[in-house]
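Chain naming follows the written order as A, B, C and D, and within any one chain the residues start at number 1.
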Amino acid sequence: MKYEINSGAHSLQVDFQSEAGRLIINTDDASLNLEAVEVQPGVYSVIMNNRSFVVGVACNGENRVNVNGTPISLELLDAVHLHLRELGWDSLKEVKAGLISAQIPGLITKIFRGVGDEIVEGDPLFLIEAMKMENEIKAPVSGIIQKISVSEGQTVEKGTNIIEIG
Amino acid sequence: MKYEINSGAHSLQVDFQSEAGRLIINTDDASLNLEAVEVQPGVYSVIMNNRSFVVGVACNGENRVNVNGTPISLELLDAVHLHLRELGWDSLKEVKAGLISAQIPGLITKIFRGVGDEIVEGDPLFLIEAMKMENEIKAPVSGIIQKISVSEGQTVEKGTNIIEIG
Amino acid sequence: MFKKILIANRGEIALRVMRTCREMGIEVVAVYSAADRTAPHVLFADEAYFIGSAASSDSYLKYEKILEVAQASHSDAIHPGYGFLSENTEFAQKVSEAGIVFIGPPADAIKTMGDKTMARQSMLLTDVPVVPGTEDPIEDVEKALSVAKEIGFPVLIKAAGGGGGKGMRIVDSAEAFESAVGKAQRESQSAFGDGRVYIEKYLEEPHHIEFQVIADTHGNVIHLNERECSIQRRYQKVIEESPSPFIHAELREQMGKAAVETARSCNYVGAGTVEFLVDKYKHFYFLEMNTRLQVEHPVTEMVTGIDLVAEQIRIAEGKPLSLKQSDVSVSGHAVECRIYAEDAANDFVPSTGTISMLQIPDGPGTRFDGAIRQGMEVTPYYDPMLGKLICWAKDRDSALNRSERALREFYIGGIETTIQFCRSVIGHPQFRQGPYDTHFYALHKEELHTELSTATDEVMLVAGGTLHTHQDRMKHSSQKAGAGESSRSNWVSAQMGRQKQ
Amino acid sequence: MFKKILIANRGEIALRVMRTCREMGIEVVAVYSAADRTAPHVLFADEAYFIGSAASSDSYLKYEKILEVAQASHSDAIHPGYGFLSENTEFAQKVSEAGIVFIGPPADAIKTMGDKTMARQSMLLTDVPVVPGTEDPIEDVEKALSVAKEIGFPVLIKAAGGGGGKGMRIVDSAEAFESAVGKAQRESQSAFGDGRVYIEKYLEEPHHIEFQVIADTHGNVIHLNERECSIQRRYQKVIEESPSPFIHAELREQMGKAAVETARSCNYVGAGTVEFLVDKYKHFYFLEMNTRLQVEHPVTEMVTGIDLVAEQIRIAEGKPLSLKQSDVSVSGHAVECRIYAEDAANDFVPSTGTISMLQIPDGPGTRFDGAIRQGMEVTPYYDPMLGKLICWAKDRDSALNRSERALREFYIGGIETTIQFCRSVIGHPQFRQGPYDTHFYALHKEELHTELSTATDEVMLVAGGTLHTHQDRMKHSSQKAGAGESSRSNWVSAQMGRQKQ
């Protein structure tokens, strides 16, 4: 089955075939044989063409994969997504980008803007205090604030939706 | 509820009361407050009267408990067992002693005796090879061999019954 | 001789202190908050006492409660570690009054050195050079401006009541001066409850180099050479090493003498650190003195073979130092990497969660001072430092090679850490070459972070292939359990459904 | 300069070698059996190749396969570790013939020293003292008996073809001699496929003391002082230390010279160990030479600061030694404790299972060379050693205190280990006092094991209370899951039922 692997500006087209507990990966130039054995929940010992890796897939952030201790941003798009994109509908990024959730549990100490405000990418949105440090969260995209789901002084769990920009 | 704790030749009479996630232990001289929190399956962080211990209860051998890295033999007898013993029926030790099972997975390289043979405590019973070493297993009790459940050259799993002495 | 010591701290420094206590045959008492019932320092200790809820102000900073525990447990002494109550004059005093030994300097020394302007004033009475600047906190902005003009711009505005970069401003011109002072004062007030700021000459290409000193109650004071701490971000140290690749033997001797003089000037007792700034011309200036054990103390231990916590305890017991200045010899080179639970690729935002897999580096010349274990939860309540990796080898190059090897072998699953960021710094040619100054991070920020976000084809294929395998497994296991597809796929379906409508 | 090295081994020694390779910028290739797909050495390596089923004879000893992998992976060299193929002359030769460097001595040196009688004969040509005994393997029992009488009983019968105590017999009198020779020959035949045995004088209160040597291809040979290895059980070393508490400076120099002479006598190249026996009168005798890296090599690394694997690699690359004899200096004291997956309280029977919790000691002067992780299964296929704990400190007493602290902090859940046994040995007054000889274990066996089985009231209450809590929880969770009582209770019911019938 066709997939696209994206990391930053870099993109690879591949074909995945499962076969006897292994994955055959075909690219334009090569055919690779990958065997991933889970050693702890979300952590795999991977041998691909006799190269050995430790790969963590359940890190913070859905699109983060850790390879030999190095975290990389990764997007794996299957045929459905590829087809959607061909139709000009790059849903995944849009929806993800506009919804800002708490990446850490903590205390919301300040919200800088209100619903209806126009935001430029990089504008500070709110402050969240955790582990004795104040963290300023900036807007990942430009747009209008559609919704603010928390108030100042509120303690939030990881993953709580904070602000939606549309 | 009354219990008896035995370790080697040492024996303690105690009363256990569960209370709000803690255990109140009463002995003749003292009342202790024990809180055991599981940190990994079978491994507990225990605070008893402000003394801290790491205790493993799922070690090899049912009667082995590991306290701060030190393995100790332990037998915990409840009212039922205590009553049985009062009736002169010390079942637990008898039955356990007569049945010899494999404490390690390995290869049975030699069985020294046959069914019906009379055995004296300490007689070599069989050899099991594991981790590049040959281990001689001796009879824990005297008696007659009632049953031999394996044959030489057989690979056994941990816990497999090997010989029964009655 | 102490029989029992209470450690008024948590995390890696609590374990560090407990290790030495145990080696000296001393029992250790832990205190813990509600968030720390199964924290490593509790599991490690001989005794453990609950002292309050998760917030530091209700537990690790609540010194009346800690003092009660010390008395209830019949502890002979209290070791405060670093942070929390370690530089709290009142606590030190109360402990002594209760007849318990405070393992640290006398309250007076903490007081003098804890206040930066007071420390400056006290140092101006010695031969130790101090960065030119105001002697008193700024009250009259006009007067301060004239001092600034005299020193010459750029100048630095700094908080008198605390560190860590809060309340700090670099001012390039007279025009920007007044507004910067106001901002610094407000920030300082909110951070430390103390709005006083002072001004200093802004040094060119400054190196942050500190000297470890130890002093006993018999008047002996020695230094244990320097630590180079110029790799900082957010004004926090990231990587420290000893010896410094910047200073030479003669300068080392001068600075060492100045450090000893500094300690003598405030009648210091115990282990302390004298921080200097050294400019590009190799002029050095007293910056501040930290009146406690420093996070980066293992670097000094590795090159001198001295156990600093053991010295602290011996000194607190009233014993003389175990060695003279002439006995101090440095062997090889040591490098410390601080491992934080932070997402370096995402502006170092703290990362919390459960440690799903843990592989701590080990082997020749490799030490990890930490307080983590597999299966443990990293909570948002305290400092995000998970521990420190310290590597020793015969020379700087080998020590850096060893650090790279150890960082490569370090695996912490389930949370984000600064492991990879440390690898980027140690692998950076400018760092490799040394010397570097405190501007290193700002100067090379982009390269350091670019490396974090670039992956080779091979790594992308491995990552993609594994993610696919994982998602496939999750799908099958959830199907088995009677559920539908994976949550990701569900989301896609939902989106498609919406589009159709 | 090597770019890639294949490590023909597993477990802790594979990791140990890989660590140094990586620090030298050399890529590492692992080989693994079916039992080791997720073993630490596979996860650690850059490349990993499957070589066969779990049995060593089908994988780690199958040298044709390993050689194939070395060629397929374009490895420049093979490091054999210890055990497995490390002293296999044929393998060393085949590797060289394939144009790949064997990181170890020339095949001839392995051959000479690998055969104990050949080694003896070769040493008789030098000035190095050898234990009096037969020069050739025993063929004529009568002739051997007359030699034994000449030496004086007791004598020792030893296997020519291998070690580890197999085929070894102490004979007290002429009457018992013939039967003992027969038994030793049969045991030796079955263990090594070589029934040859020889006889030696049995020494009084012997100390097993060995010297580390390194030799390059340019004719330089130096020694790195001794390791005291007299704490043994089942003829296997348990605890090693350096310096030895038994020998003095003059003896050290004499033995060091003898060790260098031994290496020279067989044109040795690489790292090797010359083992001596030293009797109560401080007379020393050549015992054997191990032509490989020794399990206990870290002890030497900790006191000399030298990376022995790095030296091995440099030597194999044809470089001269990185230091001269006069550069070797010993600092402080190091102690190694071997941690085995064995039940010490149960005659050291191997223990297998899953490591449910793992807390590896760390901190100042603490090194663990291991290959284990939490959640990993310990299988019955290979050597039961999990790793080695090596502690360094400024003197012997401090190093022992540190070892005790580290052992106390070591926690391996789910399997039995020798951690507590090592604590018993290190805490034993006779060991503490040093010197001790190879009879230490036999002499103090009972005390060492008694300590393992005695618990204080407090420990019994903690253990009993925790077990009760655990059983209670298990009962509740199994009731929730619809099952009956705990298996223990079930068993009791069954018994009661039987009794009723």
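By our rule, contacts are C-beta pairs under 8 Å (C-beta built on N, C-alpha and C of every residue); 3 or more make two chains touch, one makes a residue touch a chain.
If you're wondering where the values come from, they're calculated on a predicted model, not measured in any experiment.
Chemist: Which chains are in contact with both subunit A and subunit D?
Modeler: C
Chemist: Counting C-beta pairs in contact, does B-C beat A-C or the other way around?
Modeler: Here the pair linked by more C-beta pairs in contact is A-C.
Chemist: Report back the single chain whose CA centre is most distant from the CA centre of subunit C.
Modeler: Measuring from the centre of subunit C, the most distant chain centre belongs to B.
Chemist: So the centre of each chain is just the mean of its C-alpha atoms; given that, what is the distance between subunit C and subunit D in Å?
Modeler: Once rounded, the distance between the two centres reads 40 Å.
Chemist: At what distance in angstrom does the C-alpha mean of subunit C lie from that of subunit B?
Modeler: Result: the chain centres lie 48 Å from each other.
Chemist: Between subunit A and subunit C, what's the gap in Å when you average each chain's C-alpha atoms?
Modeler: 30
Chemist: Round to the nearest whole Å and give the separation of the Cα centres of subunit A and subunit B.
Modeler: Here the centre of subunit B sits 50 Å away from the centre of subunit A.
Chemist: Which residues of subunit B are in contact with two or more other chains?
Modeler: 39-40, 51, 54
Chemist: Would you please write down the residue numbers of subunit C that are in contact with two or more other chains?
Modeler: Correct list: 43-44, 357, 359, 373-375, 408-409.
Chemist: Help me check something: in the complex, which residues belonging to subunit D touch subunit B?
Modeler: By the definition above, subunit D touches subunit B via 56, 341, 343, 345-347, 349-353, 356-357, 359, 374, 380-384, 407-411, 413-416, 419-420, 423, 452-455, 457-473, 488, 492, 495-496, 499.
Chemist: Inside the complex, what are the residues of subunit D that reach subunit C?
Modeler: Per the touch definition, subunit D meets subunit C at residues 15-16, 19-20, 22-25, 43-44, 298, 301, 305, 307, 331-332, 357-360, 362-370, 373-375, 393-394, 398, 401-402, 404-405, 408-409.
Chemist: Any idea which subunit C residues touch subunit B in the complex?
Modeler: That would be residues 30, 37-38, 42-49, 73, 373, 375-376 of subunit C.
Chemist: If you look only at subunit A, which of its residues touch subunit C in the complex?
Modeler: Listed in rising order, the residues of subunit A that touch subunit C are 3, 5, 7-8, 10, 12, 14, 16, 18, 23, 25, 27, 32, 34, 36, 38-44, 46, 48, 51, 53-62, 64-74, 76, 80-81, 84, 89, 91, 95, 103-106, 130-133, 135, 137, 158.
Chemist: For the complex, give me every residue of subunit A touching subunit D.
Modeler: Result: residues 37, 39-40, 45, 47, 50-52, 54 of subunit A touch subunit D.
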